[in-house]
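A short worksheet on the structure shown next.
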Amino acid sequence: MADEPKEQQPSGMPAGDKPASSAAPASTPPAKPAVASPPGAAPPKPAAPPPPKPPVQLQTPLNNELVGRVRAKFGGALVEAIEDRKQAILAVERGRLAEIALYLRDEEKFDLLSDLTAVDWPKREKRFDVVLNLYSFAKNERLRVKAHAGDGEEVPSVAGVWPTANWLEREAFDMFGIVFAGHPNLARILLPDEWQGYPLRKDYDIIEQDTGWVKENLGIESGQ
Amino acid sequence: MQGLTQATLEFVNQYWAPLVCGLAIVAVLPLIVGYVVLVERKLMADMQARLGPMRVGPHGLLQPIADAVKLLIKEDIIPDDADKLVFWLAPVLSVGAALLAMAGLAIGPAFQIAKDINIGILFVVGVSALGIFGIVLGGWASNSHYSLMGALRSSAQLVSYETAAGMALVCGLLFAGTLNMTSIVQAQHEQGMWFGLLAPVAFFVYLVASIAETNRAPFDLPEAESELVAGYMTEFSGFRWSLYFLAEYTNMIVVASVATTLFLGGWLRPFPRTHWLDFIDFLPPLLLVAIGVYCLMRTPKQPARVQQLFMLAVAGLCFTVAVVLAAPVLLRTPFVNPLLASAAKPFYEGIHGGFWFIFKVSAYLYFFMWLRFTIPRYRFDQLMRLGWHFLIPLSIINVLLIGIAMIAGSYLHLEGGWLLLATIPASIIALIVALFILAMEQKSERQQAGGAAPDPYA
Amino acid sequence: MGPQHPSTHGVLRVKLKLDGERVIGSECMIGYLHRGVEKIAEHRSYQQFAPYVDRMDYVAAVSNGLGYCEAIEKLLMVEAPPRARVIRTILTELQRIASHLLWLGTHALDIGALTPLFYCFREREEILKIFEKYCGARLTTHAFRIGGLQYEAYDTLEKDVERFCKAFESRIGDYEELLTQNRIWLGRTKGVGILKAADAIAIGATGPVLRASGVKWDIRKAMPYAAYDQYKFEIPVGTTGDTYDRYLVRMEEMRQSRLICLQAIENIPAGPIMAKVGKVLKPPPGEVYHAIEAPKGELGYYVISDGTVQPYRVRIRPPSFVNLQAFDQMARGHLVADVVAIIGTLDIVLGEVDR
Amino acid sequence: MPLRILMLDQVIFYFFAAIAVVSAILTVTRRNVVHSAIFLITALLATAGIFLQLRAEFLFIVQIILYVGGIMVLFVFVIMLVNLDVAVRQLQFARQKWVAMLISLALAAQVGLMLWSTGKMPGQGMPVLVAAPVDKLPPNSEAVARSLFESYLLPFEIASVLLLVAMIGAVVMAKKRA
């Protein structure tokens, strides 16, 4: 690959976290995921050569009956509901994730957890997003549930609700170091158990390696 | 002086002739086995839409020699804390047993090493049972847990299928009345009917049991089991491994020839006594002539010069054998004076008998190979269950039924072909019983379908 | 069973707890083939990352590529032109047949049938020839581009695909003849590795593994992408969810894919093969999750863009990784010989499991 | 019977007898269990050879099938399955040395008596068996069969019933244990 890994801060991303959020639920957590940046604030970057796209409304607040039911049931726990590119996203409070997950599976029939992963936003105070992609066979619908967790904060494990989360959470722990409370055997799944550091974190440089482990196990100076 | 020559003459035919024949067998057999392996690889390739070994010699005809040389040269690794004595002894034991069993076979009326020993078939079966030691000790000597497990499994399989094979043989011997190989074929000649037709169920049971006994086709579990890798043969390499390989194929030939002698009428022509079918005698020479012509046609296509020569040599060989086969038949035709004809009689039987015997054995081996390429492998416990729950009871019941049929036959003094009247109902009853056992097996399988298969060692 | 085991389709180490012959517990040790694809994604531009995607499930590279390109197109709110979508469907279905053929060959080999492997490879060879003529590569094809296709369909594409589909019908007959009614094959696969529907959904199994347990769900029907909504095809469903049902489901799927290809090559619409997408892609900030029906199951791409040239985060949902989780409950109570059959029937590819 | 043929028979007989005796001794003295099993097999094969040499092929093949093919296979199975390292280490024979000495003395005395008494009988001492000519003897499998099923049918049946009972007993015990 010719290009060298560019480390510079992506220009277009609005720096820092914007407190304002369009929908004003009762208790807005101080930080707002930069991803759901308020539509007005950052003018959508028109891709250079294509015809000037109208600043299309990407993140629109979502208010269908599902969101209504969830808000009625959990109130404060539902931090925010937006729709990005016609896909529903619910941001929920970390503490009550397991409870909401159970509710979504039983009442709302989201019986398949397609994917559970994490995203690292070092700039934000609550650094990690734990993202669950759900699918319901009955309604043939997808839903994405997000929970914000700071570094070192525990996220309740949903392995009880969907057994498939067992390995997915282990991988999130392996890559990001997010501890899932209540997970049957939270251990590294892809990397060797004694590996130091969590590779997918933004501050874990692509060149960097756990040189200690490499030296000791593989007996070579360094991976490069 | 006269006493001395007479003594040596007697001494010769009593001890030396078998020794020389024995040596011939031991020398020729690896070559035969080599070419059987080549035929197998070619067949397998042909069935799998590919060509098989083509590189060594025209159409890979020299491949076996190349294999043999490779095996001889290959480094002979002995696992460090293996038991030297037993490690050396095991392959020798299994090859010895297999070759010893070869001695008892009657290839043609004339050619038999151990001149009609009175206990013919029993000798062959008994001696080939010694092969088990080769396997068990081999597994133990290589001192690795996996090969020991493989050895135990394959010997358990051998022991359990031997009983089934034994009972099937008993059923065949009921018709023959004697154990001596040559007289069995004589009996089939007199009755004009192959015993395989008289007792089809016994033939089927023996067929299945013989496949299991030589660890082949659907029963080649020991070396196929993925975690046992090559079963008891894992640690052996180079020449030692080829000894086991030689033993396996010799066993195959032994088993095939026992089956041909007992069930397919040894060296008899398909319809020995019906004279209007005599033109069958011309079949062998014609077949060989056809092969010779085919080789001739192929020679120009061979790329290398030496391959063309080789093909010519093969064609020449086929033609000479064809002439040799045709000679006695021509001599026996009416317009040759009887004196010459009578001289050719034993000569004719020897050659033709030999041809038919080899033809039937190779047909039997072809069936072995054919099975190996098409059907998948049994799991070990299914294999044992098939052996104990299905084959052994079936063969015992079959012996019972054939016995009754024999008595009924002699009571109604049915002879030869007519005996079929008695044996066919017996075989049908046996088949009904077989289906019944299978149904019961299915039922019991369904009951514990939930639970896992029963542990074979339980 | 160590990582170099002959029948674990790549570097998978399974620690089996045995009681005599019976498996009472198992633990899969994976990660031997971990290349950190997701980390690399964050340091490559969108187009540069496309070839990496083929290296994940190297048996079905074309469908990986399709999933990734469509996810980015969704991110860009751009739609590939109809001609590109139809050609993409044809190539993806061919890749599904090729992937199932490889599965059938190795699965039958593990259980002992030697011949099907060579028949399957003969067919697979023809498909790979078509790929080679189209985009120069046989295995890791990188056949698609974000926004459409790089190469115009070569002129004899329709004829080649038609010839293949015509011949393929009798070929599937050959495999069925060899295996479906074969008593030993039944003995080795019936009732082995049973996964009931509820367990399958709970463990997140998707694709043929889920359908064999009786759940009639296929993303091509539920959320049609590329040009699947234009074609009629059935979704085969099993009943008991054992190895034999998975075998039947995959065989039927091969037939359905063949029908799709036949319908597709009848009318490949004319028109451009590339949407209006610039050289430098800077998708507006936001995120998208797009899943397609890969031969192994639901292959999902969760892409977050922060408006720059490089994706902020690309998360790939590998079907084999999730299906492998079901191995432990399927292997329990079976013999060691069945473990080989169960690994085969899950049809896992380690490149995808480890990423 | 010219001397040379007779002499060859003798040579073969002594050859087999020597193997039998040597391997019998080795069976007892070997430290390694499997080695002693192998030597036991060679001893049995040697005796089978002697049967054959006496033109008793049926006994020869029965010896091979029964003893070597059947019983010895079970011996080797047991040796393989049961892990014997523990058994080898314990030395149990220390105490019975004297009892063994006594019994072997009695045995030697008996053999000596037999040898000595033959000296008294007419004919020159050790009765030398003449190798029977090959064709005169009736094929002995018929002879064995006739005697087994005609003159001694009853004991044969009793023996088979006994075997049956033993087999069923073994199966029942195995079933209970599994």
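When the chains are written out, they are named A, B, C and D in that same order, and each has its own residue count from 1.
Rule of thumb we're sticking to: a residue touches a chain if its C-beta (ideal position, glycine included) is under 8 Å from a C-beta of that chain, and two chains touch if they have at least 3 such contacts.
The structure presented is a predicted model; accordingly, all values stated were derived computationally and were not measured.
If you take chain A and chain D together, no chain is in touch with both. By number of C-beta pairs in contact, A-C leads over the other of B-D and A-C. For the pair chain C and chain D, the distance between C-alpha centroids works out to 67 Å.
Centroid to centroid, with C-alpha atoms defining each point, chain B and chain D lie 31 Å apart. Chain geometry summary: the mean Cα position of chain A and that of chain C are 26 Å apart.
Chain contacts: chain B has residues 455 touching two or more partner chains. For chain D, the set of residues touching two or more other chains is empty.
A linear topology is adopted by the chain contact network, the touching chains following one after another without closure. Pairwise, the chains that touch each other are A-C, B-C, B-D. Against chain C, in their complex, chain A makes its touches with residues 1, 3, 5-6, 10-13, 34-35, 37, 42, 44-45, 47-51, 53, 56, 58-59, 84-85, 87, 89, 111-115, 117, 119-120, 131, 133, 137, 140, 142, 144, 162-164, 166-168, 175, 188-192, 199-200, 202, 204, 206.
Considering their complex, residues 1, 5-7, 20-22, 108, 110-115, 117-119, 122, 178-179, 182, 184-185, 187-188, 191, 333-338, 340 of chain C touch chain B. Remark: chain B residues 3, 6-7, 10-11, 14-15, 83, 85-86, 89, 117-119, 122-123, 125-127, 129-130, 132-133, 136-137, 139-140, 148, 151-152, 155, 159, 179-180, 455, 458 touch chain D in the complex.
By the touch criterion given at the top, residues 2, 4-5, 8, 32, 34-35, 38, 41, 57-58, 60-61, 64-65, 68-69, 72-73, 76-77, 80-81, 139-141, 178 of chain D touch chain B in their complex. Per the touch definition, chain C reaches chain A in the complex via residues 30-31, 34, 36, 38-40, 42-45, 48, 74-77, 201-204, 206, 215, 217, 222-223, 276-289, 291, 298, 300, 302, 304, 306-308, 310, 312-313, 315, 317, 321-322, 325, 354-355.
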